[in-house]
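The structure appears below as structure tokens.
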Amino acid sequence: MTDASTNMRLKLPITCFILEIIIIILFGVLVQYDEGTDAKLWHDRNHSSHSDYDNDFYYRYPSFQDVHVMIFIGFGFLMTFLQRYGFSSVGFNFLIAAFALQWATLMQGFFHGMHGGKIHIGVESMINADFCTGSVLISFGAVLGKTSPVQLLLMAIFEVTLFAVNEFIVLSVLGAKDAGGSMTIHTFGAYFGLIVARVLYRPNLDKSKHRNSSVYHSDLFAMIGTLYLWMFWPSFNSAITAHGDDQHRTAMNTYYSLAACTLSSYAMSALTAHDGKLDMVHIQNAALAGGVAAGTAGEMMLTPFGSMIVGFVAGIISVLGFKYLSPVLESKLKIQDTCGVHNLHGMPGILGAIVGAIVAALATADVYGEGLTDVFPDVASGEISASDQGVRQIISLAVTLGIALLGGLIVGFILKLPIFGAPPDTICFEDSIYWEVPEEETGHGNQLTTVRTEETEKLSS
Amino acid sequence: MTDASTNMRLKLPITCFILEIIIIILFGVLVQYDEGTDAKLWHDRNHSSHSDYDNDFYYRYPSFQDVHVMIFIGFGFLMTFLQRYGFSSVGFNFLIAAFALQWATLMQGFFHGMHGGKIHIGVESMINADFCTGSVLISFGAVLGKTSPVQLLLMAIFEVTLFAVNEFIVLSVLGAKDAGGSMTIHTFGAYFGLIVARVLYRPNLDKSKHRNSSVYHSDLFAMIGTLYLWMFWPSFNSAITAHGDDQHRTAMNTYYSLAACTLSSYAMSALTAHDGKLDMVHIQNAALAGGVAAGTAGEMMLTPFGSMIVGFVAGIISVLGFKYLSPVLESKLKIQDTCGVHNLHGMPGILGAIVGAIVAALATADVYGEGLTDVFPDVASGEISASDQGVRQIISLAVTLGIALLGGLIVGFILKLPIFGAPPDTICFEDSIYWEVPEEETGHGNQLTTVRTEETEKLSS
Amino acid sequence: MTDASTNMRLKLPITCFILEIIIIILFGVLVQYDEGTDAKLWHDRNHSSHSDYDNDFYYRYPSFQDVHVMIFIGFGFLMTFLQRYGFSSVGFNFLIAAFALQWATLMQGFFHGMHGGKIHIGVESMINADFCTGSVLISFGAVLGKTSPVQLLLMAIFEVTLFAVNEFIVLSVLGAKDAGGSMTIHTFGAYFGLIVARVLYRPNLDKSKHRNSSVYHSDLFAMIGTLYLWMFWPSFNSAITAHGDDQHRTAMNTYYSLAACTLSSYAMSALTAHDGKLDMVHIQNAALAGGVAAGTAGEMMLTPFGSMIVGFVAGIISVLGFKYLSPVLESKLKIQDTCGVHNLHGMPGILGAIVGAIVAALATADVYGEGLTDVFPDVASGEISASDQGVRQIISLAVTLGIALLGGLIVGFILKLPIFGAPPDTICFEDSIYWEVPEEETGHGNQLTTVRTEETEKLSS
């Protein structure tokens, strides 16, 4: 454990300090308050009749906070299901999210927030930064337990950058719609992470197999993560849609997609178990697939009816993936997907992208009325047809997959360099390699019988 | 455990799939976006001068999310106090809530959301659906540990339906006020559940007695549920009151009622223990009674002073109920109320209804000014007197109790049919009958000493 | 354990009942709804053209709920890191917060909420009451594990009162700005608590040393507290700033300060450990120092760049404090600071006050435009210069420290009276002295092997 290679005493501080100092310098040079946060600009605009109550803070910030909870509590606790990796799950999630949101502010700002050479920021950029961070955390799920914090920070640097590039191409160049990020966040994060996991394949991971499972209370901690993701997903998908009916509709569509998904997940979990017992892995993950799958079409006139069908199908696909596809991915494709991100974010993300393309292609002025301008501005202006929009969506999916796969491949090889302190195969899924872990008493009795097994002694010697 | 009768491999998937497919079909036929969520309708109205910022999403959605957290985290974790029933508490809560909110959208829509043969939905119907779901979860508390997920889904179908009928009679026919649901949610859910528990009485439940208690960390998980219920109860009671002062006042009244209730609960908990030690059961439950008791009068001019008195009394009643009444209910009336819902929702609900009737009867135009129209429209219009309103409230309480008791009786007998996979008396309060439960290591040491006791082996054989 | 001196059977109920009854009477005599919550007043004002949507509820309540979560979940769970003190951490936090928010409504009302002899209350007073409560909970952290609930309630009475006095002097008399409370909340609460801890110094606390540490799952529970504090700190600092750009800017500054602080905390935690392993104590606490340090300057034009520098430094100071200063405080100054509040709230609070003074002194009309009126009204009106404002800030820090230290000294001696049931040195950090604690099973097996050690038997006999 105090093996020089995994010792973080210099590697982690150097990485953190250099990154943070670079970020601070770039913020000093490039970043400015936007109109809603700058005292002078806001009050200047005031002359042109807006009220303090019109500040976008009031119409975005509650959604932002829900998203924020999903990022730090939702993703963080979802991954605490491992019996001996709770500190790292929550703690590394916390670290890379805190880094990624700063880096994302800069990268996204370069691509779509520049005003006169400066990046203008406010609540909308904060939401976008959290979104980008979500993508990194999805990839984290694929490599959970097998990477050092330095590797994770490096992954975040590259992934955030590529995310911003892909987002720019998809949303700005191709003109696709993806408010809840079925493509840009979920598909991108999942396939990026899966390829990284493929490159980092560990043929002897079996040596840590006994830790790659849950215990009773770790599963309960994970349910905290699941439920916060589930409850706040309507806020996630609607956080940056247009104001008014768009946000309202997106939230409602997502709510019903998730509800239907939950029922199909429970059904499939019992159906695929030989003794009909529910599996916590399915409940913790598959029940969320409905939120992923409603990420693109949620803002469209999908209707609650359509949303429920999407969620229903997503739940089925996701459980089937956990049950039958994940073992194949590991044995045949050598992808060790710790959290099953392929089942929660990968396939449901692609489903969401396809549903989005179909619903976009079916859009008519009759259904959307003047609201068409908010959802499909280019269709509303007559520049393109609805089916063109559908094609845009599909091309965007392909681009996203391409950038994710290629980017993940390159980043995987970078992370494979043997200088970043990755844990050995025998001590994966183990907090004590990077954390001070308290000794335990047995049974919570008042008399402390500390359990100090041979292995811990060996490790900490 | 793999006993055919409790095996859910077919029963649960069939139930979930049939229910979800019925719901999806009914949504396809009957449900439409309302004005605030439909792209065309919203933008048509736009001509008549409203702004996107006027969308009700911004004035209800933050409250909705607080309510949503209460339903899924609050109720779910509150019930994790049982040492071996955490998966079921959180997991079945999740399942039946996800079902109930969909079914409630339809049932409540039939009774008060129809427009030209269609049910119109938006954030307000989402809040109402969550409210109705809360009622089912209260009943769940009474039968916790003794029912299969199929029984719970069946209970939800009937209870949601009867809830919608009762709500329609109380609010629309009788014209009572009950914004926070002291009557329609708490009294209804509690007495419905208690009668179901009565019908499902298990004379040999003692055989599972050793599991019907908490362990140290399960009590901490339960406190997560308690605190989220406590913190967000002001949002719950105010979520569907009229905009402006009404929501504001309701939230504040509830806040003070809960604060006073907490002090009286702690006081009574210490006072009623022979050694002055606080009992987690009281803290987890009685401290919430102030929210229940402020559910009807919270929107009225109860004043913080009045709210505190109500909360103070509710806390005292609730602890006394746990200490002295619950044992009697079990031994004399054969009601095995696992979570003590009679003490948290039953008696405080009735208290809240009575307080509501009194405060309504005392309403004067002098106190409410023109705000009387929002709170008591029929009194403001001169159609009835304030004391008439008080009478309406009391009649509504009686109707609610009647429908709850009669409904619970019938539903209890339906659930008693021996085909729904209820657990045997010897294995109540036990997750492993319906869930894959991970084997445990002792002491979290690195060396895994899995504890596989004789009983588990027997059960899983 | 049933030692008469620590038996709460009469002491706690009497204290709670007397306090609550006094509060209820004072509320009856003194407290009234404000314009936003009173049915008549709100609707009278309606004549003068405001809409229900203008009610301050919609612009403050989401922030209030975030603050509320920080108070009850954030502070409560942050302190559950102790292995045998989870019930007390969450439970006493709950009790004293529920009391303090009521008492604070009155005390703060006396000093800055009186209108015609009445205290007018609404959502803003609710936020202020929660803020004041936060200060008491910080002090609680310093004496955690060594005090009875009666002592804590007494401490709350005095501390809330002195908080209101200090707040009045700092904000109203001296005209300082401190929206997020670097001075009034954090510095005040920390130094007050530290002096109380000094007076209550226990030379033989080593006898309870084996309980004064965490176990694996208690550290995970504590992370729930940490993350909620971290996520919602932007809401805390912005909750009572002026509407519009001020709230928006404050939230964003805090967000970046915290993100930078997290990176420096992780870096310093690894750097100061001999084997490079991260320490949960640092992650749980130091990563929050950025929120404290942005408490005064957050509403000013600190810029994200400045915020990050402040957070970055705060994280470094805080980890260094935990590592090198806390042991010295205990050994030399005899301050046994259980939670390390000096490192999280004390030093970062002072840093925040100084940063606030500097940023205030540098304020120019050129940077703030007409927004200067919101942030520094006296500077905008020309009454004083910006550097005068900076001097005001520094004087306010000195006053705050003075009142905290003197007040804590007096209150410490009051609490030292041997009649309030403080635990003996041998049974500190132990729930079972004030709580019914469930017996434990080992290993969560189905067969219950209750661990009833000699000590528990002795204690409960």
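In order of appearance the chains are A, B and C, and numbering begins at 1 in each one.
Going forward, a contact is a pair of C-beta atoms (placed from the backbone, for glycine too) under 8 Å apart; a residue touches a chain by one contact, two chains touch by 3 or more.
Since we're looking at a predicted model, the values are computed, not measured.
For the pair chain B and chain C, the fraction of shared interface numbers is less than half, so the two copies use mostly different residues to meet.
Matching the C-alpha atoms of chain A with those of chain B calls for a turn of 120 degrees, to the nearest 5. Rounded to a whole number, the gap between the C-alpha centres of chain B and chain C is 32 angstrom. In chain C, 58, 62, 215-217, 224, 432, 440-442, 444 are the positions where the chain touches two or more neighbouring chains simultaneously. Across the complex, chain B is touched by residues 1-2, 7-13, 15-17, 19-20, 23-24, 27-28, 31-33, 36-44, 46, 51-53, 55-58, 61-62, 65, 68-69, 72-73, 76-77, 80, 86-87, 90-91, 94-95, 98-99, 101-102, 105, 121-123, 126, 149, 215-217, 221, 224, 432, 434-438, 440-448 of chain C. Residues 54, 58-59, 62, 66, 83-84, 210-211, 213-217, 219-220, 223-224, 227-228, 230-232, 235, 242-249, 251-252, 255-256, 258-260, 262-264, 266-268, 270-271, 273-280, 283, 287, 301, 303-305, 308-309, 312, 366-372, 374-375, 430, 432, 440-442, 444, 451-456, 459 of chain C touch chain A in their complex.
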